[in-house]
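As written, the chain order gives the labels A, B, C and D, with residue 1 at the start of each chain.
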Amino acid sequence: MRTRIYEIIEIADENDIASRVYDITMMISIVVSLVPVAAKRTDGIYWYMDICTTMIFMVDYLLRLFTADKKLRKGAKSFLVYPVTPMAIIDLLAILPSLIAVNGGLRLIKLLRLLRTLRVFRVFKAVRYSKSIPIIVQAFKKQRESLAVVGVLAIGYIMVSALIVISIEPETFPTFFDAVYWATVSLTTVGYGDIYAVSTAGKIITMISSVFGIAIVALPAGIITAGYMDEIKMKKKAEKEEKKNEKNEK
Amino acid sequence: MRTRIYEIIEIADENDIASRVYDITMMISIVVSLVPVAAKRTDGIYWYMDICTTMIFMVDYLLRLFTADKKLRKGAKSFLVYPVTPMAIIDLLAILPSLIAVNGGLRLIKLLRLLRTLRVFRVFKAVRYSKSIPIIVQAFKKQRESLAVVGVLAIGYIMVSALIVISIEPETFPTFFDAVYWATVSLTTVGYGDIYAVSTAGKIITMISSVFGIAIVALPAGIITAGYMDEIKMKKKAEKEEKKNEKNEK
Amino acid sequence: MRTRIYEIIEIADENDIASRVYDITMMISIVVSLVPVAAKRTDGIYWYMDICTTMIFMVDYLLRLFTADKKLRKGAKSFLVYPVTPMAIIDLLAILPSLIAVNGGLRLIKLLRLLRTLRVFRVFKAVRYSKSIPIIVQAFKKQRESLAVVGVLAIGYIMVSALIVISIEPETFPTFFDAVYWATVSLTTVGYGDIYAVSTAGKIITMISSVFGIAIVALPAGIITAGYMDEIKMKKKAEKEEKKNEKNEK
Amino acid sequence: MRTRIYEIIEIADENDIASRVYDITMMISIVVSLVPVAAKRTDGIYWYMDICTTMIFMVDYLLRLFTADKKLRKGAKSFLVYPVTPMAIIDLLAILPSLIAVNGGLRLIKLLRLLRTLRVFRVFKAVRYSKSIPIIVQAFKKQRESLAVVGVLAIGYIMVSALIVISIEPETFPTFFDAVYWATVSLTTVGYGDIYAVSTAGKIITMISSVFGIAIVALPAGIITAGYMDEIKMKKKAEKEEKKNEKNEK
């Protein structure tokens, strides 16, 4: 029976109806569990939504733990290793906030808000059921080195811009955090207009920083796009060759 | 005679003067019919503009219905199938608003505004007469799969950003819709500045969300551009080969 | 002597000192002539700047007209054809504003502002002396067809967005011009925040319009960049082959 | 002993522990030295941070000067040439501000602010210890010519936009600097919303300037991205061939 449960939970077999039903139930549960977060309410129907989905997630968590050895293929050790794998931690984070809220009551308001935020992590449970995420993850992995380099450069550039602007115009930027926020919002060209340099020196820094920085801050985006396009090309090629091989075999 | 009408309406033959006159008349009618929308007025000359163009569109609709069998090549069934084809529905939407407004009078103000908005659909009638749209539509179709994937990713990223920000800073974002609006305006880097996070936690989310999100939200744009460039290259190649073939034949 | 003047004015020979002096004088004159525009002043030293540079431009204009036959190689007809060539018209526009201002006095304030604006056209005189502009002009020309297509698409998209938004939210957008301004500022992602939709329906239009529109409005920029890169590659290739040929000849 | 010091300071040998300790000490010192700048404070613990790191930088400067002949390989002349090399000037700029502040006391407040700003230059000391910067510097160098051309074009475009807007709407832009700031913030699409055209003529200029300008101002960013991607590809190729050669040698 454990083998059957494992098949239902983990293996994405299009023809296995029980497996498909399980996946769809989980996806609906994830969406429903996020409705109270989006609606910012915890009463009435929203409370039931939270309770029901939390229970479904608990059952899911226990079933996955129960079949951990089938997945990790490490015998009895699997049951100890499984709870610390990334996906299992995400699963736990999806349950805990509501569990604590239910048990601890409404006394700890501050903590509750943090917990409400943690519930958003439930969305990452969906990663398991999405087909489009693996491609982009692959693209990220292939370009890992380049991304690390340009990521460091981009963060470095933002930090230097923030340091220069806070030195030149300390009145506008009360803390270093404000300067970093300004630099990020400016160099990504979002430019809300809630914070900006007002002195002439500060405006000059804004201009120089923008003209040069946009190229540097846009580098990671460029690399991801290029990597993603490559990934798609390779996938198409692989599919074509597969078809050819099938023909040749016939 | 029906064959001749069909030729005039549907076939874009450069040498057929009647056909060209018809096309130009329609283009002018579309532009004129949108003038009252742009001017936000329904009196005097604007009223006549609306009435005249609606009549022209009605004649056009009836002529197209009248020659539907020539177009769809399905015999008598064509007359039933034609009204539910996408272009025929657009044509109908271009007529209805003014028709109802004329008959129903000015009693239903609320409904009238919706109708006024629907009149904008007339612009899509122009699709039939544009030469540049097919290329971009082709580019969209070729990249359909990729676009679907990155589209889902982009929308997912916007939703997750909205969920996180509404959890962390519920004071700034009264409804989930506000959070989604904020996420969209920020990640497309428009950044009007009408809504933005004000708390430190919210600003941190803004920064992380922007730096990572811009790459993801920009992916569809990147794919469309790349697809469009490929389409142009292929078109040029095809034209070259055509010329070569013509030479070889001689 | 006319041949010598022509050589000095038109032929960019690195070794001809007189020619180089002339070019540098003109460049300085252009920059100096724009100082009063930038400083928004017409008194004292600024007045002399304007007068002197206008005189230099007049002499330049007359010398060019005087040697028009050497340039256009059309005999006596050249003197009639030259004044209507694009560069000659720009040259004339660079002189006229100051000339009229000097003669007409300060009576016509309104007209003077227009004239002050026209003086900015002097900057286009610099096109003649710039080495980098021909490459970008070449890139524009090569991609002319594609640019026309995506330009029409971009303008069309802006117009449709404006039409839809003015229909849905007429309170925010008093005139069609305001709606077009909003659409342009939003779709180029500048997003000043001086005008934006406030109703829920308007915000939905903003979001849909942005997510799709950015790709379309960014297409011309993408095409110019790609075209420019190709132009540079071809130039480098041509230079390499030239060097090879030189070697082979030896 | 001087040879050993030189090895420790300059040669990045993974196996030389003393060298690695020295590099890490310097990196920490740079970060610590910038903490008072970011915190905008000069009292208590921040004062000690400043003093200690300045002393470390002084020792570093003297050690580098002391072994200059090993680096420049020009004999005794090296000791005179070294202080004017770019990196040595940056090193000096990293020391001077604090040195003067300590000696000169707190009398010259205005000068002190400038000095505080100069301390930001310490960040450039980190260039010596970063592995990712050489690649981007290489990318910049390879595309130097193209970058110079498009850089001039971008600056020219900003200047022309500023000139036109100041002529058309002098009320909004009190000085030419304001107009340049507006043009830069608009064409990089940051668009804070602190300054924008309000007249109809000014808005038309804004629209035309944006639609065309974004392509031109984005060119440098595009070229840097393309150059960087090429650089990475070449590096990967070089690494592959190195591995092949190693195999063949075996």
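Note that in this section a residue touches a chain if its C-beta (ideal position, glycine included) is under 8 Å from a C-beta of that chain, and two chains touch if they have at least 3 such contacts.
Everything quoted here is computed from the prediction, not taken from an experiment.
Ranked by separation of Cα centres from subunit B, the top chain is D. Here the CA centre of subunit A is 33 Å from the CA centre of subunit B.
As a whole-number value, the distance joining the C-alpha centres of subunit A and subunit C reads 46 Å. Residues of subunit A in contact with at least two other chains: 189-193, 218.
If the chains shown are joined wherever they touch, the resulting network links each chain directly to all the rest.
Contact residues on subunit B toward subunit A in their complex (touch as defined above): 146, 148-150, 152-153, 159-160, 162-164, 166-168, 170, 175-176, 179, 186, 189-193, 196, 198, 200, 203, 206-207, 210-211, 214-216, 218-219, 222-223, 226. On the subunit D side of its complex with subunit A, the touching residues are 34, 37-40, 113, 116-117, 119-120, 123, 130, 132-133, 135-136, 154, 177, 180-181, 184-185, 188-194, 217-218, 220-221, 224-225, 228-229, 232. For subunit D in complex with subunit B, the residues that touch the partner chain are 189, 191-193.
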